[in-house]
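Read from first to last, the chains carry the letters A, B, C and D; within each, the first residue is number 1.
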Amino acid sequence: MSSTDHAHHEGESYFDGPPGVLSKVWQWMSTVDHKKIGVMYLVAVLFMFFLGGVSALAVRYELLDPVRTVETMNEAGEMIQYTTGERLAGLTNIMGAKNANEVYNRIFTLHGAIMVFMFIIPSIPASLGNFFLPIMLGAKDVAFPRLNLLSWYIYVIGCLFGVFSILLGGVDTGWTFYTPYSTTTDADHWRVVLMILAAFILGFSSILTGMNFVVTVHKLRAPGMGWFDMPLFIWGVYATAIIQVLATPVVGITLLLLVFERVMHIGIFDPSMGGDPVLYQHFFWFYSHPVVYVMILPGMGIVSELLAVHSRKHIFGYRAIAFSSLGIAAVSFLVWGHHIFTAMGELAAVLFSGLTFLVAIPTAIKVFNWIATLYKGSIAINTPMLYGLIFLFTFSIGGLTGLPLATLATDLHLHDTYYVVAHFHYTMMGGTVMAFMGGLHHWWPKMFGKMYSEKGAMTGTVLVFIGFNLTFFTQFFLGTQGMPRRYANYVDEFQTLHMISTYGSWILLLGFLVHLGTFIVSLIAGDKAPPNPWGGLTLEWETESPPIEHNFHHEPIVTHGPYDFDKVVPPHWDPKDYPLPENPSSH
Amino acid sequence: MNTPTLASANMPFFQKMIFGDHGASEAAAWSDGLFMMITWFSAFFFVLLMGLMVAFVIIYRRRPGVPAKPSPSHNLNIEILWTVIPSASMLVMFVLGVRGYAMKMVAPDAAMELKVDAWKWAWKVTYPNGASSPETNFLSFESNMAQLEAGSTDPWMETKGLEYPVFYVPEDTAVSLRMNSQDVIHSFWIPEFRTKMDVIPNRYTGYAFHTPKLRDSDSVLDTSSMMQIPGRDMWIFCAEYCGDEHSRMAATLRVVPQETYDAKIKEWGQDKDPVVLGESLYKTMCKICHSVDGTPGTGPTWSSGNGFGFGYEAALANGQSVMRDDNYYRESILDPNAKVVSGFVPSMPAFQGQLSEDEIHGLIMYIQSLSDRNPNASESGEDNQQADDSAGSEG
Amino acid sequence: MQTTLDADTTPAPAHIANHPTHWRNRPFAAHFRTRDDDFDASKFGMWLFLTTEVLLFAGIFCAYAVFRMMYPEAWSNGSHHLDWRFGAGNTVVLLVSSWTAASAVRCAQLNKQKWLKINLIITLICAALFLFIKFKFEYSVKLGDGKAPGTFFSYAFAESPYEILWWSLYYMGTGLHALHVVIGGCLLGWVLYRSWKYQAYGPTEYLMVENSALYWHIVDLIWIFLFPLLYLIH
Amino acid sequence: MTNHDTTTHEEHAHGHRVVSWQTQLAVLAILLFFTFTTVLFYNAESWVENAFDIHLPWWINVIGAMSIATVKALLVCMFFMGLRYDKALNTFALLFCLFCVGLFLGITMIDLETRDRIYTWKEGEVALGGTGKGLDTPSVDARFDSSPAPTFNTAGLGIVEFRRAQGLEEAGSELAFWTDHYHHHAEHQHAADINNFFTQLGYDHHLALPDANQAVPRIGLTAGLFSAVDPTETHNTHAADDAAHQPAAEDAGH
């Protein structure tokens, strides 16, 4: 790529700020630097992941055993009644709930709302995307830096609305806010409205980020970088951004109508006034189905990077992967109806079933390409690569278990069961979160200039992998055997599987704690990271670790593709680490 | 205990692990077959891909000083191949899926139509002759293990809130459901028939199933006669999130021989003592929210004490108070939001058009029978007067 | 030809001409390579934002279409409560304002500072007129009759039980549109203020005028569809 | 300065086309003309139905109004918004967005339209609000009153029916209720007729045809839904209707 001469003047890294805590804080809060905003997003998003994770653990804890209310005779011959298994009952008064079931309902709603709206949608695009999209394009910043900061603030305000709603006791609507339940529940309180407004506001943040990225990709590519010289991460984020721009406004109007429905009963979604509750589901899923691709597409982009860089191999079928990203983005607008199979007309159900299968094709192509990329590579087993491989494993399961959900006959059985829960978590957690963790480890040295302990990170990774599969693989069986989702209580015969699932969630927690520890140790005592620890060829590896204020000392000029490992020696090449190809000119 | 079981023998190992039991109808078995087909297809590709991945990782692991060999970065033929194969297989799945969907959705002409009503949080099935099942089952989420833990030897240890209505259907009959909800969206799921459909407030939805022939081993306990009868129990669950007691919105579907079914339906159609009728309605429809022993629930308890119960003044949420008399209960059944008792959220659906006059009368009689101010009670007026005084001083 | 003739040849006072906000003194954003890149990027960004506006209103249009299909009689009854004359009048007002907004862009491109301001003022007057007609002759009269959305509804003579949905959608659609009129007015007002105070817009620096005008046009576009849907189709 | 100004502009005009004022004015004129056309079409249609007692199918009305609106929108996009002279990318963004709007509207309506394809009973309303009629506006205490909207108990009725019942109660009798209505609300109720160009020219031909398929509805189209009174069948109210109609038309006329 560009020639980065080492004789340049010493640049300051982006987080070298003015002395003094206050001025440093002010510098961060008022920054328009995409890197700082990316880090700010990362912190906020990880905090939300923590909140969502705590509620997930609470959900699993409640489900450790079924609720048993037993009335029986004690030794003294008196009738006594006792209840076991209501493990969250202690929170009833704290949350102002009516009973332990409502506590559970509120907590799973919080888990869903926080994880979807506040963690997973902004997770990769807004943190890693914000940080690396301009650098990988060779730009100084995103197209609209001030808008970028604004969207962070909007995100924080949205989160504050959500957290405020939680502090008021939380909502029990489910994250999907299905009417008429969501318009009638907790009629005594504003907190449902607050949570809906939180999602509404977060939508604005999402739209602005998406707009910013689309324009950046179109207008700010470095000289020499054509569309097909872009790293695949950029393609993923670009496809994501398109969906964010086009789908989010529809949920905006939906949530707005829902707020008005709640406060003044305008009746659009209210069957008692002639409205149609299934219309709400159409409105909601027109956004919320494309949004699952907002969640997964950047993850797919990251995995493309991880597999190529860590196996030092040109990605197999670059164009196929790039176009399948766009293909998934386009098809994502056609398939929302499969969330409503059990409520819609037969003709529309058949139509949507057929369209839903379309999504599987580009996804399958991607997986095949990733596996083929490994062929004849030089595969390093380190944490980012391991996460890449875990992604392939879990995401394949997630994708393949989607097939019976797209098939109408089997979906009628599996709809709204734990099978769906498991499928969703295998794609979202096994897909996006694994890719996010992989990307975080991959780019951690670049972002913070510190190496992390490989041993610690590997331990965490293995724990996360085991914990994740224990937690969620069992749920496939729960679903097929008859366990509906969103149940605070269940039939005894499901207890074994639920117990395994709950124990798995504890291992998962342990894994993430190990990761957290590794990162903290790395920030405090990590070795200084070289500019290019993995031998990557994309532009972010050509600048310092951490990058300087405007990313590059000179505007980079792109002369080769992002994955030409067999043609080009990576910048900052260390021969010990990276042997030359046998025949660099063979291609 | 005759908790419906989802397990049975004589199944292929994986299918048993996945579903626990055979689908109870032909359509269900067919969709199980389709599911297994898709699962084996998925498993094949999953194992293939993961095998390749692991093999590549091992074979091409990084060795110090050994660089990667150049290899092609794309191959059009292979890419076309792995686009066409999934596309073709998905077409097959789609077509088979639609066929199975039709089997589950379209009822034969001669199907028996059952009307299903749903509300927070109970099911009601109305039979063609207008009767509905008053029977409940000691179905519980509580197991023998829990009984043992409690040290009970009493097989009829009653557990709170764990009675569910039993809906009878004849064996080997096509049944079609016409469903409607009274409040929020519910979903009527019978796992053994492998199908569910949302129950929506403003329109009818429905599906069909063909009940299985009973096997020789199928035997259930008839709680009305306390006798083992031939029959097979299946769970009915609510699958669409509907609020606090969502996870307890269950019922039993009991497949019985035609003659048992006929006898039951005939019996339910006959007149009954109002209090007995009221009690059975209570158990099938009201118990999830209203207790009869004074324990707090979603709605006010019906037993007297602490200011509740028939004949006692109710403090309303709007600050007024009203005497709980026949008219009060009648209005509260038909239009629950008219008078909401202080401390409760207005969340009860209206039962206007849902209950016959006899049924409303039966419910009110039953409620009266629970009160120590029961006007129909045989005790002398003095006792009632005393009870009034004590209740008044407590309140 | 006319461009040079009409151009504002009067030199601006020194304190304006030397002000950093004056259009001649405005640099383009540093992370772009050229001023054109900056301009194109911003305009493309604006267009993306406009697509989100269209999709926002798509929800209203979809609900309209669905309920029109479900309750045709309620919809035809509802539309006959609206007087096409106010709708048509407002359409004319918005079309004229759209024209002046487009002219304002042209004036900025040609450095006709005076006409830029005049066009913007006419646009703003039209915005105010639109809102005045909307609130004075439509909303207040209808609300007075009790034809209000949701539980505010108190009109005793509705012909169909679903007319309440018509009114809800009428208020949601036109209300959301009126909100956009206000936002667009604020944007154009900001442009007018900066134009008045600093001559901030000229041939090389008219992006803000252009984008505000684009926003204003999308407000007009939505009204072009709302008008027949609410007032004419029955 | 002038020199500098001109050069800047010419350079600039090179990249960004300046639309001439003549074009802009012409576009405005065409837009206003189409606005007039669509209004004329609407009035002519109403008049034709009234005068000749023809039921025009509903789509004439829809197609007429929407196609004119589409042409107007196209003109605004091309000339006022400058898409004709702009980068194709912006047009593409708009078109792709409209494609999504089309999908959204189209497929949603496919579902809601075809619920009855296998069983007709799946289509309709069971009852307003389902069998429960659970309109949640109960009269409860302030703790439960989270909405600024009025809360009241509709006694199981929908709001529209409830308000009608209230109105009837206030008026005292059905006749008083309807007389009041035609005296005070005629101008709204008969907007289609009163505001018709042709009607004002003297072609008044009021029909009362309860037919849901006609393009122009009449009072009482869905009167059967209310038990109170059916004005299309009640002679009295017809008289009141006609009596109230004439002065109202004159009021609106001047």
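Criterion: contacts are C-beta pairs under 8 Å (C-beta built on N, C-alpha and C of every residue); 3 or more make two chains touch, one makes a residue touch a chain.
What you are looking at is a predicted structure, and each value in this text was computed from that prediction instead of being measured.
Asker: Counting one step per pair of touching chains, how few steps separate subunit A from subunit C?
Answerer: The fewest touching-chain steps linking subunit A to subunit C number 1.
Asker: Have a look at A-B versus B-D and report the one with more C-beta pairs in contact.
Answerer: Most C-beta pairs in contact, of the two: A-B.
Asker: Work out the mean Cα position per chain and let me know which chain is farthest from subunit A.
Answerer: Measuring from the centre of subunit A, the most distant chain centre belongs to D.
Asker: In whole angstrom, what separates the CA-based centres of subunit B and subunit D?
Answerer: Taking the average C-alpha coordinate of subunit B and of subunit D, the gap between them is 44 Å.
Asker: How many angstrom between the C-alpha centroids of subunit C and subunit B?
Answerer: 53
Asker: Could you grab the centroid distance between subunit A and subunit B? Build each centroid from C-alpha atoms only and quote it in angstrom.
Answerer: Computed value for the inter-centroid distance: 35 Å.
Asker: Centre to centre, by mean C-alpha position, how many angstrom separate subunit C and subunit D?
Answerer: Those two chain centres are 21 Å apart.
Asker: Could you pull out the residues of subunit D that touch at least 2 other chains?
Answerer: If we look for residues of subunit D contacting two or more partner chains, we find 89, 96-97, 100, 104, 108, 112-113, 115, 118, 122, 125, 128-130, 132-134, 136-137, 143-144, 147, 149, 158-159.
Asker: Could you list which residues of subunit B touch at least two other chains?
Answerer: 105, 183, 200-202, 205, 345-346
Asker: Show the residues in subunit A shared as contacts by 2 or more other chains, in ascending order.
Answerer: 184, 187-188, 218, 246-247, 250, 264-265, 271-274, 276, 278-279, 282-283, 346 - these are the residues of subunit A that touch more than one other chain.
Asker: Mind giving me all the chain pairs that touch?
Answerer: After working through each pair, the chains in contact turn out to be A-B, A-C, A-D, B-D, C-D.
Asker: So in the complex, the part of subunit D that touches subunit C is made up of which residues?
Answerer: 1-2, 5-6, 8-9, 12-13, 15-16, 18-21, 24-25, 27-28, 31-32, 35, 38-39, 41-42, 58, 61-62, 65-66, 68-69, 72-73, 76-77, 79-82, 86-87, 89-90, 93-94, 96-98, 100-101, 104-105, 108-109, 112-113, 128, 137, 147, 149-152, 158-161, 163-164, 166-168, 170, 177, 181, 185, 188-192, 195, 212, 215-217, 219-223, 225
Asker: Could you pull out which subunit C residues touch subunit A in their complex?
Answerer: 29-32, 37, 40-42, 44-45, 48-49, 51-60, 62-63, 66-67, 70-71, 74, 149-152, 161-162, 164-165, 168-169, 171-172, 176
Asker: Inside the complex, what are the residues of subunit B that reach subunit A?
Answerer: 3, 5-7, 17-20, 27-28, 30-31, 34-35, 38-39, 41-42, 45-46, 49-50, 52-53, 56-57, 60-75, 78-79, 82-83, 86-87, 90-91, 93-94, 96-101, 103-105, 141-143, 145-147, 150-152, 154, 157-162, 183-185, 187, 189, 191-192, 194-198, 200-202, 205, 207, 235, 237-248, 298, 345-347
Asker: For the complex, which residues does subunit C have touching subunit D?
Answerer: 2-4, 7, 9, 11, 36, 39-40, 43-44, 47-48, 50-51, 54-55, 58, 61-62, 65-66, 69-70, 72-74, 76-77, 80-85, 88, 91-92, 95-96, 98-99, 101-103, 105-106, 109-111, 145-146, 150-164, 203-204, 213-214, 217-218, 220-221, 224-225, 227-229, 232-234
Asker: For a test of understanding, state which residues of subunit D touch subunit B in their complex under the given definition.
Answerer: Touch list, subunit D to subunit B: 115, 118-119, 121-134, 136, 138-141, 143-144, 153, 155-156.
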